[in-house]
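By written order: A, B, C and D. Residues from 1 in each chain.
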Amino acid sequence: MVMMRELEDRIEKKLYRQGKVIGGCYTGRGQEAIPVGSAILSRSGDWLTPSHRDMAALLIRGITPREILAQYMGRATGLTRGRDGNMHMGCSRRHCVPIISSIGASIPVATGLAFAMRYRNESNVVFNYSGDGATSRGDWHEGLNMASVMELPIVYLCNNNLYAYSTPLDKQMRIADIAVRVESYGMPSEIVDGNDVLAVHAATERALRHARAGKGPYFIECKTFRMSGHSAHDPADYVPRGLREEWSRKDPILMLQKHMVEHAGADEQDFVDLRKRVLEEISDALEWALAQPFPDPSTLEADVYESR
Amino acid sequence: MVMMRELEDRIEKKLYRQGKVIGGCYTGRGQEAIPVGSAILSRSGDWLTPSHRDMAALLIRGITPREILAQYMGRATGLTRGRDGNMHMGCSRRHCVPIISSIGASIPVATGLAFAMRYRNESNVVFNYSGDGATSRGDWHEGLNMASVMELPIVYLCNNNLYAYSTPLDKQMRIADIAVRVESYGMPSEIVDGNDVLAVHAATERALRHARAGKGPYFIECKTFRMSGHSAHDPADYVPRGLREEWSRKDPILMLQKHMVEHAGADEQDFVDLRKRVLEEISDALEWALAQPFPDPSTLEADVYESR
Amino acid sequence: MGETTYVEAIRQGIWEEMERDENVFLMGEDIAVYGGAFKITHGMLERFGERRVVDAPLAESGIVGAGTGAAINGLRPVLEMQFADFMACGFDQITNFAAKCRYRWGQAIPMVIRAPAGGNIHGGPFHSQNVEMPYVHTPGLKVVQPATAYDAKGLIKAAIRDNDPVIYLEHKYLYRSVKERLPSRGHTVPIGKARVHRVGSDISIITYGWMVHVASEAAERAAAEGISVEVVDLRTLVPLDREAILSTARKTSKVILLHEDTLTGGLGGELAGIIGEHAFDYLDGPLVRIAAPDTPVPFSDTLEKAFLPSSDQVLEKTRWLHRF
Amino acid sequence: MGETTYVEAIRQGIWEEMERDENVFLMGEDIAVYGGAFKITHGMLERFGERRVVDAPLAESGIVGAGTGAAINGLRPVLEMQFADFMACGFDQITNFAAKCRYRWGQAIPMVIRAPAGGNIHGGPFHSQNVEMPYVHTPGLKVVQPATAYDAKGLIKAAIRDNDPVIYLEHKYLYRSVKERLPSRGHTVPIGKARVHRVGSDISIITYGWMVHVASEAAERAAAEGISVEVVDLRTLVPLDREAILSTARKTSKVILLHEDTLTGGLGGELAGIIGEHAFDYLDGPLVRIAAPDTPVPFSDTLEKAFLPSSDQVLEKTRWLHRF
């Protein structure tokens, strides 16, 4: 969690502004509890389709800060070898599907990933991540409906962060809770505080019990808030000041720290130490990544087809 | 109603088999009560987007059997001047939008038709017709959601005839009632016996009161049954015999006749006379249509753009 | 051992691959219980069961996306679009997701999208379109369209074994109008190889799909007039067989580019670009394109006849080019 | 009276048409309160109100369908796609519904779909694509792409007044990189007319969009070497200005077809087809196509630079063709 926060901070606040990171730059600041509380429960055979705000899911799957920074900086050793950028990263070996830009497109794909699990009679599950905006897309509807009709093992983690870019919920839908939408698919669902990593964790456990038992998909709406602009260039003036302050008090990392102090006997020093370790790892990773080569233009036409 | 039944019978059972009607050939046998009970309430300023099973809606809007037969036979004087075929017919003047083949595509278009009504502050309404299969399409979801967010005047008449081509409901969705789906859009809905023209009529009146008052869209699920194959070439062996017999007893025309006998003092003779008049009109129309010219090949490239 | 129709050839090819590889499965609308709108998958539910022959809801984008996900997770989906026209509903999934996986993250997508395409069946604007070009234009996809039963079977088998997404366009009019005797042992036809359908020396007609037969008819008639026409059947549109295209152009020096698809933005232009750049010195006459006019596909018989390229048209252009 | 950027020119054009015609309205994602991802509609909500400047949910197919319905019912929608790449999500509505209404039932669809296209902005595979060809290939649609601020304004105004659906492709890299002084009285630029951007006599480069500037740079450098290059800016891709294309080909007899879009299935082929058929006798050299290679658009700087056609490449081919 802290790693995701600090890593994204570094990418957005330093590297992007220094021009070392180019192209669009999205972060999941304030939403870390969702990928952390859920992906931590994934098994090696499971597949994950993170959204552009779920970097922690990649970290949990073993994708390293080095690889991520190299990806962001378009280096040959990044996860897409410089072919794609920023959060468009994934890895076949570690079972993470990189998003494409088209919001919602990964939802029918999740259906297919789960179809293959059922085809082989596995107890594996797909973790699908998406936002509130994605629920307006036709692909969202088609993908969830097919998954429910075919009773496939998918856990949907929907981060309802109140906005799609600049568009608030009430301009996206006429309902208060996204969870209502999955009644269209006869799909069980629940709503949790997406800033409470333990709540997300508990809900995901329930969802996994359901899905791994072959009972079909399960939907979790995580109420949360985007503690940043839509992307690095967006000041998000359209967000009421009050709303921001309200949610900054619910910062998922502060909430977890509070809990650890109260129930796990942790103290300030632990967090200082942790942050120190994280920053060290990031600096090391950054040093490594900055030393990585850019892709060789001679590889320009490679990898479009198998035989080339 | 009788006109639609007999006209489609003629088209499918005679003309299609005689090869006078070419291409796909769909009928709404058994579903006539839906377009009849609803479209009868439309005003001249309203717009209709009928499905491929709603010929009666066109008849009610003043489109004549002559035009329809000429359309089916690809004549130059058909509604699409031979450019398109069968139920792909409509008319700007009479405010009927012809479907395109892509099932569900007319739903976002209905949103736009209604948007223009609201734009001009009219009390007009869009009558949108579609089937159960259409509800699996992304366009259905996007179109209904936008209409509800924008609170547009649309009455949705969904004919749930238990099948999409050969695919039964349980392979299309995990729910029993399609009406459940519109809770995703915070949209009011009701379920009616789609074979009872009076029930459809009453529900449409309620829906229109809602929509014309500016309260937004309204959804009516009409339970019905396709008393024919998907199209003329389809014997529909996949439909259980019992189901067919059960529904043939609920034939909407028989139901209405029964009602008229019991409550409107009609007798057999009235129906015989009516059918006779209808058949006469059809024969006249057919004679006319058969005498119509085919499109002149010299017009092949016309009408693609305004200036050509 | 009678002759096998084009439609039956596709069915045989799929059947054999289903037998050969447990990971091959079929998904589409009305393909299992009903056996498909054109009966290509008839009997497969009974033989392979509903695990491998899957009726999907009416959702092309969902179906293509699901196929892509299944391919990522180790299966080899063969998807049926009820009509090629409806691929438009899955366009983003096909061109942005499936097509770009290998390039972006090295993930193979061994998936086939079968789509009944083409006209001359009174299908009108939405059941007759030739949709190849947007996919030909998308790097990462392969595109094939067989003209014969032999190629129909050989190419579907090759497509199913291919490790890249393949758009397999079946011509509806050829389903039952062409047939031939097929080798008893299942054959494959390599993707990326064109075929000289008829040898000739004066003029080359480069085409594919149904038009191969229209060209042959015209060539037959031209022969009677002493004009020797070579007909090249591309079979694969991506990757194009540039050698075959250039060698026939260099051989006859007079080339007609023929397709059923509409003219503007059609494959004829691409072929003109290849030949005009790489065989320019050999050309003794203009690059003649014959295609449907730039309109939707008309429904009415008189219009559709006028719309579709005919052997009369081809013969006339052949004479003209020969005189040139 | 300073200079006006390309992005500001589009904004002015829309603004003037909104002032002129009450039936013109805007719909898209994040265009009202936020003013659009590229700020094209900045300030319009304040001026024209939320009745005419409409934020839509994240649903391209829904937006295009709604635009089509509104156009059928008497309005003149100007839709914004946040990136041209996302038009793929509305492909069926654009190519099957909007494009075919007039042909099928004589219903005009006076609708503009604005889409920021093109690369050289480190956008990667999904924010850099050149998407014109599938629409160029669809009868019933018009397609334009301005290269200058003057044309950007004149073409958006003409597109909004046009009674057919117009795909208006804005080049993201040109938004702020080109500017010029514009006439104070709002001008329009006719759809369907190309423009000779630079007069020359030895070689013609036919192109559009950002590549017009790349070609000019190459032409400038070629001039220093005594090669006189004519640069033709198509401006409209449908309907193509065949006279302009053929007359420059006949004038110089040596033609380079240049575009930023990938090679296979790109517009260069279509142009080769037109010239190879109708100006064949005038040609003194091969039809040279310069385009991006057949891959997705790479993200990394080194790859994107190598991917995009450059003035070096154009100059080199120009020299080669001149020597030919």
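Rule of thumb we're sticking to: a residue touches a chain if its C-beta (ideal position, glycine included) is under 8 Å from a C-beta of that chain, and two chains touch if they have at least 3 such contacts.
Keep in mind it's a predicted model, so treat the numbers as computed, not measured.
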| item | value |
| --- | --- |
| Longest centre-to-centre distance from chain C, chain (CA-based) | A |
| Mean-CA-position distance for chain D and chain B (Å) | 40 |
| For chain A paired with chain D, centre-to-centre distance based on mean C-alpha positions, whole Å | 35 |
| Residues within chain D bordering two or more other chains | 57, 59, 61-62, 85-86, 88-89, 92, 96, 100, 103-104, 125-126, 139-140, 294-296 |
| For chain A, residues contacting two or more additional chains | 80, 83-84, 88, 100-102, 136-139, 142, 145, 149, 171-173, 304 |
| Touch-based graph of the chains, sorted into line, ring, star, complete or other | complete |
| Contact set on chain D toward chain A in their complex | 29-30, 33-34, 37, 55, 57-59, 61-62, 83, 85-86, 88-89, 121-127, 293-296, 298-303, 305-307 |
| Sites on chain B touched by chain A in the complex | 136-142, 145, 148-149, 170-175, 180-181, 183-187 |
| Sites on chain D touched by chain C in the complex | 85-86, 88-89, 91-92, 95-96, 99-100, 103-104, 125-126, 133-134, 136-137, 139-140, 238, 240, 257, 262, 264-273, 275-278, 280-281, 283, 285-289, 294-296 |
| In the complex with chain C, residue positions of chain B that touch it | 22-24, 74-76, 80, 82-86, 88, 100-104, 133-134, 136-139, 164-167, 171-173, 238, 294-297, 299-301, 304 |
| Complex contact set, residues of chain D against chain B | 25, 51, 54, 56-57, 59, 61-75, 77, 92-93, 96-97, 100, 102-108, 139-140, 142, 162-164, 239 |
